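Take a look at these structures.
Here subunit A shows up in two complexes: once beside subunit B, once beside subunit C.
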Partner chain A sequence: MAKIIIDNQELECREGMPVLRAALEAGWDIPHYCYHPGLSVAASCRLCLMEMKMPHPKTREMDWAPKLFPACQTPVRDGLEVRFNSDVVKTAQESCMEFFLLNHPLDCPVCDQAGECCLQDYSYKFGRAESRMVDPKVVNPKKDIGPHTLLYTDRCVTCTRCVRFTREIAGTGELCLVQRGSKNEIDVFPGRPLDNPMQGNVVDICPVGCLLDKDFLFKRRVWELTGTSSICPGCATGCSIRVDHADNRVYRLKPRYNPKVNDWWMCDEGRFGFKYTQDNARIIKPMLRRGREETSPSWREIPDIVRFRFQDHVRASSADKVVAVLSPFMATEEAWLLIRFIREVAPEAALAMGPVPVEGEPQAFPCAPPGAPSMPDVKFTILEEKCPNRRGIEQLLEVSGGTVLTFEAFSEQAAKGDFTAAWIVGGYPKPWVEKDTAKLGSKFGLLVVQDLFENKLTEAAAIVLPACAWVERDGSFVNAKGLAQPFERAISPPDGAMRDGQYLFEIAGFEGLYSGQRVRELMAEATASLTEVYEAPPIPAHAH
Partner chain B sequence: MSWKAIDRNQAVVDADAPPLLSEGVREKILSYTHRYETKRAALLPALHLVQNTLGHVSWQAMVEIAALLDIQPSDVFDTLTFYTHFWTHPKGEKVITVCRSLSCEVLGGAAVLDALKARLGIEEHGTSSDGQYSLVTEECLAGCDHAPCMLINEKLHKNVKLDDLERILADGDNDRVDMPRSDLFDAPPVAESKQPASATEDDSRTTDD
Partner chain C sequence: MKNVGVDGSTTLKVYESRGGYVAARKALAMDTNAVVEEVKKANLRGRGGAGFPAGVKWGFLPKDRTTTLLCVNADESEPPTFCNRVLMEHDPHQLIEGTIIAAYATRSQVAYIYMRGEFHEQFHVLQKAIDEAYEAGYLGKKVLGTDYALECYIHRGAGAYVCGEETGLIESLEGKRGQPRIKPPFPAIEGLFRRPTVVNNVETLSCLPHIMERGADWFTGIGPPHSAGPKLFCVSGPVNKPGCYEAAMDITVRELIERDDMGGGMLSGRKVKAVFPGGLSMGVLTVDELDMKMDFEDPRNYSLLGLGTAAAVVVDDATDIRLVLRNVARFYGTESCGQCTQCREGTSWMQRIAQRIESGAGRMEDLDLLLETARNMGMMPGLSICGLSDGATYPIETIVKKFRPELEAAIRSQPAGQVEAVLQAAN
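Then we have the complex of A and B:
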């Protein structure tokens, strides 16, 4: 630890970290564009200039050096004294801001970034009210640089964050900075568009409205959005994300800083992977089937109906003929509630976990450049396991004891007619019921299916319960590394549906409102080890 | 979309085109890589070599250089365009460079540029139809005390007047540098016979030490 002085205040921070980062984390709002904690230091925007004390060349006494230094490139050393609150620094910031706006089109009213734009914020806080530029502005072109991204060159401040991202984190290096001086532009090599599995991050780190996400383009003003902390269910990595929503609709997902998992990044598959939650084909009402007759009971009746049907069944056959198949898309808390219910009505019930979707190979980033002798340090991994909570469910099955089956063993026994009653949870974004699984539908006297979309199993089920998407639920997921992380509810389920946690809570015999936290407290007695969750520390909004 | 955006998804290099760089040039570029710690460091000498051999560095040449040095074509594009010395399309026999910096600007540099554009019928970075002249602008040519200035190849024309332009353009020696040179300057290489066969690729003083 080193002690430094910023604006007359003493601060303790890690030796060697950039002064800018230390100041930002301690709450100073220092303007900066090119510095990003996840990227190498470029020190090109000159917005973070500060004054620093140095020994006077003649007297050796410490005094303010006449020149300014970029705070992003100055490492913390013990005893360092700097200041940002002097007139010299303020004038430098003002001049920089004037420079950045020289050719800027000032088209905030039609710009997607407006409301979360560092040009806007800094102009307001550190800039001057009017431009002294009398000459016509240089007008730069807009470029379609890839399947997901647009580049409005005229809004660019050439901080090169985006370029450094594609070189250092994605490793694909599609972006480059062409020309020099006033002709500087971000570009790609024609015909080699920005198209890699991590490219969406360049839009997040662009401090201005230059790089834009085609998917979100002109959809919503950002100040109308509410952000909710969540975890991406796209793969077992479990990136921390923020769900941005308005009017009960999700508009975009953004990564949230998490030093233990994803740092500042997320992949495109996760970023754009929420579309299924808005599919009109989703099951939104509970359904009861008796022979050909289908009815839709009210949610108030559901707990009793489910409980009585299972109890009847156990009485008629036997408790070891009951099985519950949990899904790796369930939150640990929801799965615990279901297990609790099943083992209560049928203490000998078997438990299993549904299929774990696997696609391709894990992808590590930065990807090795062509011909590189060795793999660079891995900064991000997209896993081949495309579900968020296999580990959580496995841990739960382990502590629950009793008969625990693999999905294959369950399928085999079910096909032989070993089970008379089953509760099967789906909740997979993609079709998951394979041919063999579809045949199981007719093998149970009582089949309860909880799923997002209709399939052969829901068609055969006596009771169908709508599953909700993760943005409509709350609970926790345990990622591939065993880290349990909570996610919050961003929006309400579609009209007619109820969050899984809530009806499972009621079916399991509890009263009141479900919340992940509440269930974790209930779980604590039995399974303390599963109730600790890790929440990434928030970073101040100005330290983007 | 109601506005125009340049479509960067369109390829400019035909993937099936036969290689542009000759075997000799390729070998030469690879031989540069041994001088440096990383392969990519050989990019500048490679660009010089290609420009000197082909007259310019085309999109396809960029892709081929990138492949040789294990970097992305965008890296080559990035470095190349930083230097106005490199051309991405063929240039004329002589290159006229008009100064666009401060002293020249206030003393009529823009008028010189406009007159040249009109006379040659080209815009900046264009080449006249007879292939004689290409026109570009550059920051300060370091002749501010004689502004406005322009270069024809390496010869600096100072105090350029509009009614003098015709004469300058007509002069076949307008790019001849009349600098007193040592008599060694144009002297033939010492042992001519010992020069490698690819001597033409070697005339870049910046590339070869």
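Then we have the complex of A and C:
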């Protein structure tokens, strides 16, 4: 650790990191555009300039050098003394902000970025109140640069974060800077749109309203949104994300900094992958089926109905004829509750892992140029395993003991009629019931299916319980590397539905409200190894 | 410039017959450090504009380096400068010889000559000379029969002012967008292709054969001690004999314009109104300041940035200073690379203000605004990545400060309501 002094205050920080990052993380609000901790240093916006003490060329005495230094480009070393609170620095910041706004259209009322815009914030904090620009502004064009993204170059501050992202993180390099001087603008190459699996991040890192997400465009003012910490369920990477929602509706997903998993990034598949949660075809009511008669009991009756039906069944046949199929989309806590219930009513019940969806190959970024070997320094990976919690469920199955089956083994045995009662959990965003699985519906005397959408199994089930999307639940997922991470509930389930955790909590015999934290405490009493979760440290709001 | 004007001066035969490549032979027989020491002793200051001592620059190279690259800055793009052009056009072998000496002294394996895109004819002349030098064994695997190997390539730029800045040149040479790099690392540590790199101007290298041949003492004997050696001066504008002249650096601006063997005085009926003595970027002199010495130190006493390229352009009394202001501002407005905010926005703002003043719709406060913008672009070192931002502010600042009465009179004589009408039409 090195000790440095910023504005007369001592600060301990890691040697070699940029002074700007050290200051930001310690709470200083230093204006900056081009610097992003995940990208190379450009030092071109000249907004984070500071004064630094250096030995006088003649006397060798330490004094403020008659020069300004970009804080982003100055590495921390022991004994360094810098200041941002001097008049020179403030004048430089003010004049720099004036330069930034010269050609800016000031169209905040119709700009999506308004409310989370660094031009707005910095102008307010570091700028001047009125413009001295009387001449016509340089108006650069608005461009459609790809399937998901718009580029309003008239709002651009030329920080080149987006250009560096496509080169250094995505490795695809679609974006570039064209023209010179104040006419310069970000652009794509002719016929090569911005279209890569990571492109959504350029919108996140754009400090102004220049790069815009078509999906979110004009949908909602950002100050009306509430952000909830969550984990992306799109693949087994388990990126930390923020769910931005308002009026019980999710509007967008944004990556959340997590040094152990995703750094500052997320992929487009995850980013735009929440649409299924808003599908009107979702199952929203519990359903009971006797022959052809279908009823919808109230949620209050459900725990007893389920419990009695299973108890009756075990009495009538045998406890080892019961099976629970867990889904890799369940939270660890929910799965634990279900296992607890099943093993309580039928101690010899078998447990099985539901199908693990796999698509294609893992994609590592930065991706290598065509024909070249893969890049040595992987910054982000999209996994082929398209579910969030296979590892968590597997760990649970391991510690639960008893008969544990793979999905194939379960299917085989179920087809032979080895099981008479089954609880099958779905919760897959995409159709998952294959032909062979569909045939199993008729093999059980008692079938409980918990799922998002109707399918051949729900049609055959005696009891259908609606599953909720992850934004409506809370709990934890264990990613492919074995890291358990909690996610919070962002919105309520659709009218009529109940959170899986809540009804499982009640079915398992607990009273009161379910919460991931509460179940983790209960789990700790049974199996300590499963309950440690990692939460990424929050970064200050001004250190974006 | 001894070979300029000699018949066939571009050919190897004529160059050799006039004592060519003797200095290179002498240098290659010496220890590389001895060559560096000789150049340090000669106090050869860079002729590209900044005047940094070439020997000291070479000394920044890491001692334990394995590869070194030499870049020859032939991107002469400062208006109205043409001394490098004269050297390449008429005496290409002198440049090649200088390049060999510098490359040997710095232990460079490759020399890249980065040539301004507009130099078509000069390119062909120099390329032909390089081919000749290869054939004669001055370049290639065994330079002058020794074990020293040197490859030499010409790279032609696309005509951007900023590529004359040494790190802009390096970026451009690497095939990237030509814009200056952030320093550190300095090119001597990590330059072209991330290798230790030396960048020297054409004229600087052209001095080397003479230093090697006649010794450092001969070189320092010419001109004042801080500005040693002969220097090429360009004179252009309404003078009788515009052109490139060689002299010691104790010459004044007035001599440069009026001496018979140089500018030869103003065209009949014209009077000097202003002179940009060191290329545009150094700033302007009034008619009362013509006794300024054209060396590396004196220009600072006249609130100029430095000697620059020592290319004087004369503005005569028939020229409206508003036109000069607009022309200067337009140059920087279109040539700023756009990387740093201050330069990108400042130059284009000054351009628009100057344009408006020139069109007869200036406001008194515009003059202060120009000064303040210039100050905000360069009030302190470090505001921008390269020095060209400072270079853009000096001419504007000196024009406004030194010709303020004329500008104010012009603004005062505008018809009433003109400003409002223009602003309304524009916005």
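Everything below uses one rule, namely that the second predicted complex is superposed on the first by the 538 of 544 C-alpha atoms of A that agree within 3 Å, B and C clash if a C-alpha of one lies under 4 Å from a C-alpha of the other, contacts with A are read in each partner's own complex, and residues count from 1 in each chain.
As a convention for this text, contacts are C-beta pairs under 8 Å (C-beta built on N, C-alpha and C of every residue); 3 or more make two chains touch, one makes a residue touch a chain.
Everything numeric in this text was worked out from a predicted model, so none of it was measured.
Look at subunit A after the overlay: subunit B and subunit C clash there.
Shared-chain residue A:189: touches subunit B; no touch with subunit C. In the superposition on chain A, A:45 makes contact with subunit C only, while subunit B stays out of contact range.
Between subunit B and subunit C, C touches the greater number of residues of subunit A.
Contacts of A:88 after superposition: subunit C is touched, whereas subunit B is not reached. Contacts of A:134 after superposition on the shared chain: subunit C is touched, whereas subunit B is not.
By the touch criterion defined above, A:144 reaches subunit B but does not reach subunit C. In the superposed model, A:180 makes contact with both subunit B and subunit C. Clashing C-alpha atoms with subunit C appear in a single stretch of subunit B, chosen from 2-10, 20-28 or 200-208: 200-208. Shared contact residues on subunit A (touching subunit B in one structure, subunit C in the other): 176-177, 179-181.
Residues 141-147, 150, 172-181, 187-193, 369-372 of subunit A are the ones touching subunit B in the complex.
Contact residues of subunit C toward subunit A in the complex are 160, 162, 177, 182, 333-342, 344-349, 352-353, 355-356, 369, 376, 379-385, 423, 426-427. Against subunit C, in their complex, subunit A makes its touches with residues 41-47, 49, 66-70, 73, 88, 91-92, 95-96, 98-100, 102-103, 132-136, 138, 157-158, 176-177, 179-184.
Those residues of subunit B that touch subunit A in the complex are listed here as 3-13, 59, 62-63, 67, 70-78, 81-84, 139.
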